[in-house]
Every structure is written in structure tokens, then in C-alpha cells.
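For reference, the structures are reproduced in the following blocks.
Two complexes, one shared chain (chain A), two partners (chain B, chain C).
What follows is the complex of A and B.
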């Protein structure tokens, strides 16, 4: 049935075109920026690029699973700040006398996972839409971490944890390798495990998945915990990169992560896309940001461009012809 | 022969509807049991009870003599009960193999990783077993409907790989969207699988049921009213029992059918919409009810949706009360006095969270406005008036529509269009999901509207209803009108004539 707005949407092409579009955009973007400023392809800049992609990539891995299910996780910044707070307060820092070393890292990731687990419980047990539930978790996390930090920035002084950002392996900071490891893990989960398939099935048609014997509640809770796990790792990386944790450590991360997932081509309605799409999406977002800095574009304009990008991406990625109602 | 599955005195109630009242059936080993009945007779509900989808409010289920308590589809699967659903239950963004083994991946999982190659191979074997050649790595959305049905059957049959007993496969209207040759293929599979499984086959096509079944249960109004050996009964006999009303004419209030008036309200000449229908001529006069019969895909749904403003025509012309129109959306159609009563009341007909009063005034808020603001008193009085006139069973104008029964919801939809002054009503399956009493009230209301000069276009689930209510019946097939029948009282066409033009 063709509705009039549907026809306009249909102008933006078919599925095949859409699935390759993100990669094409990435390549065109790289070429254009390299022509405008050859410094872009200098090794030094590429390393910087990889480094700034590390945290968004790790976050976006977790978020991809949630969006694949057709849900949303807005708690990205809250969970990340909780994880960073836990890390900083348990490792050597200038606020207290703790020195739990790598146990602090483990605790930070566990804290992130627990936050996600609670989000999952809120959605499935209280039957609260993920949009509202995770919006609440965002502020719970943020409030908790700012309170624990006493409202100020606390320095991370554990040298071995700081090495995540400072030490280089094969020319790249360890944090980049960790993020890449997170990507591999996410890819394995999505493409080679039951969980990944069940997430996709729920995003495609939750009722049918249930009828087929998929334990939807368990899958949902696990997916949110998994997302929290990735957010936890991202919190560790962010704290290591900054060398401290403070109230605004998460600022802007949610926008970047959602943009990356959507720009990569994962449908907000669920069921379409995946972590490979998201990898490309993260690169597009990071390359664009890096390119705009190289070209000397005002930061405010940069923000505007990012806003335009997310709308354009949704316009191109979603099969809105089929959507009955846009909310 | 002893029963494999025994359902005794099953009761299932939904708010306002007694879906199953004291139903008992049994399924024996290596048997195909047919289950027939009109829409709303309780067939699908019974199937869902047998498949663990609904928990019965009373009665018991036994399998091979053991008490059966199922909480969900997985429990049913564990007992070897699988179901092929009426609305297909495949996840379209997954591949064929992934669908077949959805929820049963454990067999292919080692160290937490799923071995897709093994799963694909198993799916291929499963399809080969029932003699179907489908690429198991294809996305399900790319398959034809018939192919998907075969995949569903294959999926249900995978239970035999994990359950050590004879399977019971429930087929809920599997043929409703298949063409004749696909149906033959399906039936051939079912016959060859009888040695390994029992089947319950639901359909409303009587000849099919008799063709494939060993025994047939007939359901009516939530109860089993007859049981026959298929060899000992004919389709017309079954039909008689199934409909079970000697006085059909009374049921449809035929005595109240009055001749149409002169004014032509809707007129279409050579109407066409790309890919859906073409060359459709039709006219509806004031006070006339025109029914369109046809199978899914005949184009009748799209014709009604064109008049409602949901599908735009791209050939021919349409006149509403003499003015040429081409609706791009429902809004101009509403302004032209057309009211659309959709089949999905919950999705399209009512805003469920709003009250009766708010729903009634929705299409024409100006009727309850005063000095540019909504007059709540007026709105409530209007609703109270309709509640009385249409005998809507509700606590009052402020009751939320989601709490009403289906029949009362349908009355609210009709009240809305009457408030908006609709002179033309498009009734898209107006009695779907209603029980008999509610249906009769809706029929009464339709007759009232017709007597007041409203022009009505009707499509319905049953031919009987289409014939009974309409002044004239059009039959569509493959996007064209293939026959036109006069249906004035005492001169109603019979179903066989219509069927001949439908398929």
C-alpha cells in the first residue's frame, strides 16, 4: 500500500544500496578529507584517530545489541561514569588510600555489567519501556558517581592502568587493542552464539521468537547486562585516557554511540544490522570529527554537522515505507 | 483405538467472550483430525490451548494417559506438540535454517558457539525429508508464502529429532493463503507423514477438511457440536451443522432490507491501482449495501482501502456524491463524508486509551466545540446519547474503550462516523472477532444506518454474511470484478455461484 510520504521515502533507494552505503560514505569521507588536508593520512593522525575511536567503539558494541532488539539504552553515560568512578576510587588515586590494582578494573567492569543487568530487570520485570527505564538508570548512575567522587575530579595514579592509554603495542595504544578486542568479542557473540541470534530474532519479531521457545525475558536481561559490560570496559578506557574521573566524563558519549550505531546502518526498529555495521559507523563518526578539526571548522559547526548526520542516517537506513506510524 | 491426546471439558474465557465452553476432543495415533467452524467458533483458541499458548480456565488435557500441564510453547514442544500458525510464525529477518532451529540451537552449540554449518546441514536434511527444495541460507523474507508454509511444517517436524514419541502437529488454517497446487503439495506431505505423526487440521474450507481428515469435529460458538468420520459426511451436511441456523434470513435482518434510494453516493469507472486491481466499475447508492466477495489477494481489500483514502488509485475515476476525487490520505476522504470501519479495531479503529466520549468526537471535534474550545459537557452528553441509542454496554461516556468488548467497541466506531455525519461507510470485516450476539447487534445497526440512507461498502469474512447483508454482491478475482449478483430479499445468490467466480 503506498502512502504519499512513503513514496518520498522510497526515493532513497532499496535495501541493497542501503547496506553498502555506510562503507561507501566512509571511503568517500576519507578521500575527501585526505585531499583537503593530506595531514589526515599521516601515521600520527591515524593513531590519534584510532585512539579517539576506542571508547566510542566499545560503547557502541554494547549499544548495538540493544538497538538490534528494537530497544534503546540511554544509560550509556551513567553506566560509563559509574564504571570510571569505581575504577578510580579502588585503584591508586588522590582521593583515598586504596590500591587494589587490576581488581579495580574488574570491579569497574562488574559495576557496569550490574547497571545493565538492572536495566534489563527494569524493562522485563517492571515492564517499563527501555527508553524510560534506561533514562532513569542514566541519572541514577550519574548521580551515584558524582556523589561518590565528592563532586570533584579524582586522579587515577595507578601506573599500570594508566598504561592502557600511554603504553603502545605495535604502534597503537593498548586501549585501541582493547577496543578492537571488544569488537571481536561482540562479533563472535552476534554471529556465533545463540544469544546473538536470539537478539536478532527478538528484534525481528518478538512474538514469533517467544512462540518458538526463545526465553525472551532472559535474552533481554542478558543483552542489557552485556551492554553494561561493554560500557564498563569503556569506562575503564575513558578513565585511563583522561587519567582521572569526574562528573562530566560521560558527556556526549551517548550521542556519539547512538550516532555510530545508526550511521552504521542498524535499524532503530531492530532486527537489521550488527556490530560490523557499527564498526563502520564509529569510523565514520570519528573520521568526520577528526577531519573537521583538521579543516579548522568551528566546534559549534561540528556539532551541527553531527546532528545533521544522525537525521540523514536514519532517513537512509530505515525502511520507513513500511512504518505505519512515526513516533 | 485409544486416544493419544485427550482434551476434556476445556473452558476458556476472555473478557466479555466465552471462547471455549466445555470442549472435549481426542486425537488418536496416526490420524488427521479436522476441525471446522466459522470465524469466532473457537477453533484457533482451542488450537492455542493444545499448543500451550493459552492456559485453559477449566478442563484437562492428557497425552498418552498422562496429565498434561503446559505453560508455553516450549513445554508443548517438549511433549512433541508443534504448531503451524495461521499468521505465519517465522522471523523474516532470519534465514530458513535459523528459523527452523530457532529456540533449539543447543544441539548445534559447543563451547557457547553455534555451528552454523551443522545447523544448515540439519535443516537441509529436514527439508529433504519432506521433499522440499529450498535454500536454507536464504532470508525467509525472500521466500514465497507457500515456501514459508513448508518451512513452518519442517520446523514443527524437527521435534521428532528431540522427542521420543509420536508427534502431534497442529495446522491452523495452513491453506488459507495457498493456491490449489500448493495445497496438494502440503496434503501429500501430511499424508506421507501420517506414519510418524498425528495432525489436527483447521480450515474453513470444508472440502479440504474432508479430503485430508480421518475424523472431523465441528465447532460452533465455542463448543463442539458434532463429530463425524470424514468418509460418512458431505460438505453440505457439515455446512448445515456449522452454520446451524435454519433461519438465516432472520439472522441478517433481511426483512429490514429496503430498496436503495436514487442518489448515487460512490461511483467508480475503470478504477485501477497499480498491482492491486484494475478496471473496477462500481456504484453505491444512498441506503444501499454493496458487498465485495473475493479471496485474499483478489484486490477487494485494496478497493475498499482506496475509497477509505488509504490506497491511491492511478487509473480510472472515482466520484463521491458527484465530485471527482483522488484521495492521497484518509483525511480528505473523511471530509467527503466517508467513514472507514477497519477490521483491526485495536490498531486502527479506536484510540484505546481514550474514553468513549473522546473517541466518538474524534472525527469531528467541531461538533463538540464552543467558542473555539472543547465543551466537555457537550461531548459527554453526545456520548451518553449514543450509548443509549446503540445500546453500548459501558459504565458511562468516560469509560476507556479498551475495556469494552469487541461488539461495543465496534458500536463506538460507528457512533463516531455518525457524529461526523458520514454518508458513506466502508465496513472492512465489521464483525471479525465478535461472538454471535454481538454480531446480531451490529447487523441490526447496519440495517438502521442503511435505512437512514447511508451508502455502505462491505467486505466480510464469510460469504454468508456478505450475501445476507448486501443489496448487491460483486465478486473479485485477481484484481478484477468477475461477477455481479443482485441480492434483494428473497432473491439472494447462493454461495456456490459466488465461489465459482472467486476461484
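What follows is the complex of A and C.
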């Protein structure tokens, strides 16, 4: 059966065409939606699109490195909620008297990084598969937030931190610039550092990487800490956007982030794809959500459309011909 | 900040409560063999503000009545919810009063059956199958309490319509499609819309009860309808507050009124600043305490459930409306201080029997 898509792909020029598939999907989506509702290409809407993509993009940057290694990080929601919790409890809020200003932001990002670091330790030192280890970290993070926030929502009243979402620089909310900065940083790490190449090498074939002198343990721990760093930034942005933090602030973000990474063309098996793919993946998911509202698609079938899009995007972009076994 | 102090006290109480709960569970039943029944609260989770307040109310009643109180949390897992209740029944030998918000509709039956078998008294809230009735489990299944979602959805819609001057377009954010509360509140909205032909429902979208989803959704709705949106109807406050932050990002906060249901603190604050037109609450503090009070009074024979009229066995409680007119008063008595409730007034908030 796997021969048929292979032949179709060959017709269009094989792998080269395929690597551009996500971009093509994005462009086709944009054109279709813009034809159906010209409001889509209004500047105001593009700003809103960028704004709703900010948090998912930052999250997905971190997740990309983990998925590139062939691992998975399920702790996205837990880490994000810990970072948002730390931020809100240390900045001006309506729950306690703290006012540490931008130190709270720093602390939140450090907290996220620490969560990731621990995930890395759990995977490498205790030799627990990332799927289980990070699942545990997810609930540890969630539990910590529930406990510290006393189960309720705490408001963030620090005006300068809220400006991340409310203040605009060159027409875009600061949060968007932060997310873009996160993307640039991730791109530099992936394409211009040893760490980035080692992560790809581990995802491609861990044994070969080890034999070529890659310190697998160190790279894995660093990658998880790096992912935690991005989740921490995302937590800060999410709390700034919503003006509050509650334990479930991360609800649904894991699924959105994994979807974005995979739709962008990064293989769950590792070693293929990268942060540029993920940028496109995040845009596809965001544009799709925006477009479905603009087209007035009934909420009762939106999820179905989303599911179809995911399958279509992955079908177009992944080189499944090379997969001898599909699990 | 007055508020600050209040919060830390609350948290400490919460922690103490949790510790006490764990300790009580750890103690062998012999130690706790006593005449006074144990009060047991079974709720979904402590990570949402609604159930956190529920637990505070339950603890307030237990303290007032001088009884031991244990909170069981199902974490959205029906099996765990039921198993924990059965374990408590075994531990107390049935000498307990249960106030339960069953995780899911079908859960109510095994919970009630287990309690009736063990001789414990039970009150359920929100969820029960339509063919399960307190009168079929006399005297153990004392009452079932719900809040009329249709009336809540209608009340807030009417206030929203009045706030925007009786005409114009609104958008509505609904809850998780399959839940009873979401369906009923939407019915209420539809009823209010039918009575106000000058109000146009631009779009009804679903944000699954969550502020994060409502935030993204609202941005998209603004693109589609722009200035035509004169008001926002949200099926709960959390979604309403997400929509509010989306408005704030576009400098529209306070210009487009929002209404919601639940009465969470963010929403009450927003009613004070005029960003929300109103919210309506079932008063989880009352639900947490009064559910136990009704069960306990039946258990000690203060009243005989079998002789109570049907509207005391299955009833809609009275929801509390918080709008511009009464928000300062509400804030003083419910947010700054712990609410004062007359725990002897068992039937004071009955508004009628549940529709069948």
C-alpha cells in the first residue's frame, strides 16, 4: 500500500517537493481563507494572528529540540503552569504582597529551565523513557501550581509585565517580538551550534552519534533544560496575556504544540525537521483556527476539520515511503 | 491590603484541611469510632476556584457544627471518586454524611446505592440520572440540588441586552458542548434572544469553559465582526475573563460589556470596574456547607426526609446575581470576609422542584 503515496510523491519531484509541503499547505490555506473572507488579510487580523501564535510558537520551539532527538516532552503544561505561577506569585498580584518586578520574570524562566533540567536528569540518570519521565514531571508541575495557588486564580497586577501583552512596538504586541526572538534563538542554536547538530545526530541514530564522540547524556540534559527554558518564557507570556495564573493555564497546550511541530514536518521519530518547520506548523494551526471562525464554521464540526487537516498535512509532508513499518 | 491577609488565611486553612484529611484517612477506624458522624465532601478537583470555595464552605459548616470533615477529590476520575467514597463508608461504618458533586451523571447511582446500603446519608448536587430519585432511597438519599441553567443563561442575557440599550449584535461563548450546564445556559440565551428581536446573535462559538481558549477565540471573532460586537455573553466567568483580556489587548476593555456565570473573583472584580455587566453564582460556599447541613440534620432526626415535600427532595437552588447595583455589598460580605450563612435555614434557597 505504501507504494502509492510514494509514486505520487515521485511524480512531484520526491523529497525536495515534500519538504516544502507544509509551506504549500500554509499558503493554500491563507489564499482560500482570504478569498472567502477578505477581512483575513486586514492588518488588524494579521496582528491578532501573530498574537495568538506567540505562546504556541515559544512552546513549540522548545518541543522541537526534544522531538528532533526522537524523545517527547509531555511536561509542557506542567512546566508552563509552574512558570506562570512563579511569575504571578512574585510580581504584584492580588494574593500576596510581593513586588519583585522583572526579577519575577527571571525567576519564572529559571523555574521552567529547572523543570526541564530535572526531566533531563530523570531520563538520563534514572534511565526512564522520556514519555514516562516527562509525564511525571507534568503532574509534579501541575500539583505544585495547584498547591501554591490554593486552587484559585491569582491576578497579575504588575503593569510593566502586563505590557508584554498590552504594549505595542512597531504595531505588534511585545509578546510577539519575544516569541520571534525565541524563534531566532532556537534557529541559531539548531543551525549554528554544536549542540544543535548533536541533537540532530542523536535523533538520527543515537548509537552512531555516541560512537562519533557525542556526549549523549550531556546533550540530552541540555536539550531538556533548553526546552524548559522556552516553556518558561511561554509561561510568562501566557500569564501576561491572560492577566492571571491558575493551575490549568496550560490546558490543551501540549496537544497544540505537538500538532504544530508534527504538522510542520518534524518527524516524531527524530532526526528530521527543525525549528523553521515548526514556525510554519504553528502558523498553519493558528491560521486554521482563525480561518474557521472567519468562515463561520459551526463549532460542532471545527474539531473534525482540525483532525482532517492534521492527517492531510502529515500525509503530505512526512516521507512515509521510507518507513517500512507504520506503528 | 485587606485582601492579601484574607488569602493567606484561606490557603493556610486549605492546607490544614488537606493535612487533617490525610491524617484522618491514615488513622485506623477504631480511633475514630464515635457517635458523631463524619462529614464527607466529594468534589472533582481543587485546581479550580469553584471547588476550592466549595471546600471552604464545607469546612465552615463543619467548624460551626463541631464535626469532623474529610474532603475527597476525584480528579475527574469517576472510578476513583466512587472507590474513595466506598472506602470512607467502610472506615466510618456508614456513620457519615456525604455531600457529593458526582464527577459524571451516571456516578450518582452507585454512590447513592453504596450510601443507602451502608446507612449513610447523602446529598448530591448538579449531576444525577433523570430516573434516580431521592424518594426511592428513603431515608438515606436526602436531597438533590441543582441550579437552573436556563434561568441563569436568561438572566445574564437580559442584563447584557439592557446594558447595550436593547439592540445591536452580540457574540456568545459556550461551554463544553456535551455538558448539561452548557446546553441549559445556551437555552436560556436563546429564550432571551427570542424575546428581544432587536438583538442579533452574530455568532455562537465554543471555548470549552476555558479562559485560554476564549482569549484566542475572541481575537478571531473581533476580526470577523469588528465593531458590530456590542456585547459578549459567556457561559462561564473563566471564558468571560479570557474574552475580557482579548478586548484589553485591543483597547476595548470596558467598552464592550461581558456577562458570565459562576461569580469567580476575577469576574466580581471586573463587575466592580464595569468591564463585566454582571455574573451570577450558585454560591459554592453555600453548596459546600448546606449540602452537608441538610444531610446532617436528616441523619440526627431534625427532620424526616420521607415527610418532606418533593420540592425539598429535588430542587433548584437560588442563584445569586452580582451586578453593578450590589457588587460593593457582595464584595464586602463574600470576598473581603467569609460569607455568613444561617446554617439552620435549610430550605431558604429552594426555588422550586426540578423540571422533569
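Going forward, the second predicted complex is superposed on the first by the 291 of 327 C-alpha atoms of A that agree within 3 Å, B and C clash if a C-alpha of one lies under 4 Å from a C-alpha of the other, contacts with A are read in each partner's own complex, and residues count from 1 in each chain.
Quick note on the criterion: a contact is a pair of C-beta atoms (placed from the backbone, for glycine too) under 8 Å apart; a residue touches a chain by one contact, two chains touch by 3 or more.
All values derive from a computational prediction rather than experimental measurement.
With both complexes brought onto chain A, simultaneous placement of chain B and chain C is permitted, the two fitting side by side without a clash. Contacts of A:194 after superposition on the shared chain: chain B is touched, whereas chain C is not. When both complexes are overlaid on chain A, the residue A:203 reaches chain B alone and has no touch with chain C. With both structures placed on the common chain, the touch criterion links A:123 to neither chain B nor chain C.
In the superposition on chain A, A:277 makes contact with neither chain B nor chain C. Chain B and chain C, viewed from the C-alpha centre of chain A in the overlaid structures, lie at an angle of 130 degrees when rounded to the nearest 10. By the touch criterion defined above, A:58 reaches neither chain B nor chain C.
Of the two partner chains, chain B is the only one touched by A:212; chain C is not. The partner of chain A that touches more of its residues, comparing chain B with chain C, is C.
Taking every C-alpha atom of chain B against every C-alpha atom of chain C, the smallest gap after superposition is 29 Å.
Once the two complexes are overlaid on chain A, none of the chain A residues touched by chain B in the first is touched by chain C in the second. Only residues 53, 72-74, 77, 83, 85, 89-94, 98-99, 102-106, 109, 112-114, 116, 155, 302, 305, 310-312, 328-329 of chain B touch chain A when the two sit together in their complex.
Interface residues of chain A, counted against chain C in their complex, comprise 37, 39-40, 42, 44-45, 48, 51-52, 94-97, 142, 145-146, 150-153, 155, 165-166, 173, 238, 241-244, 246-249, 251-253, 289-290, 293-294, 296, 299-300, 302. On the chain A side of its complex with chain B, the touching residues are 1-4, 188, 192-194, 197-198, 200-201, 203-205, 207-215, 271-272.
Residues of chain C that touch chain A in their complex: 1, 3-4, 7-8, 10-11, 14, 45-49, 51-53, 174, 177, 203-206, 208, 210-213, 215-217, 219-224, 226, 238, 241-242, 245, 248-249, 264-266, 269.
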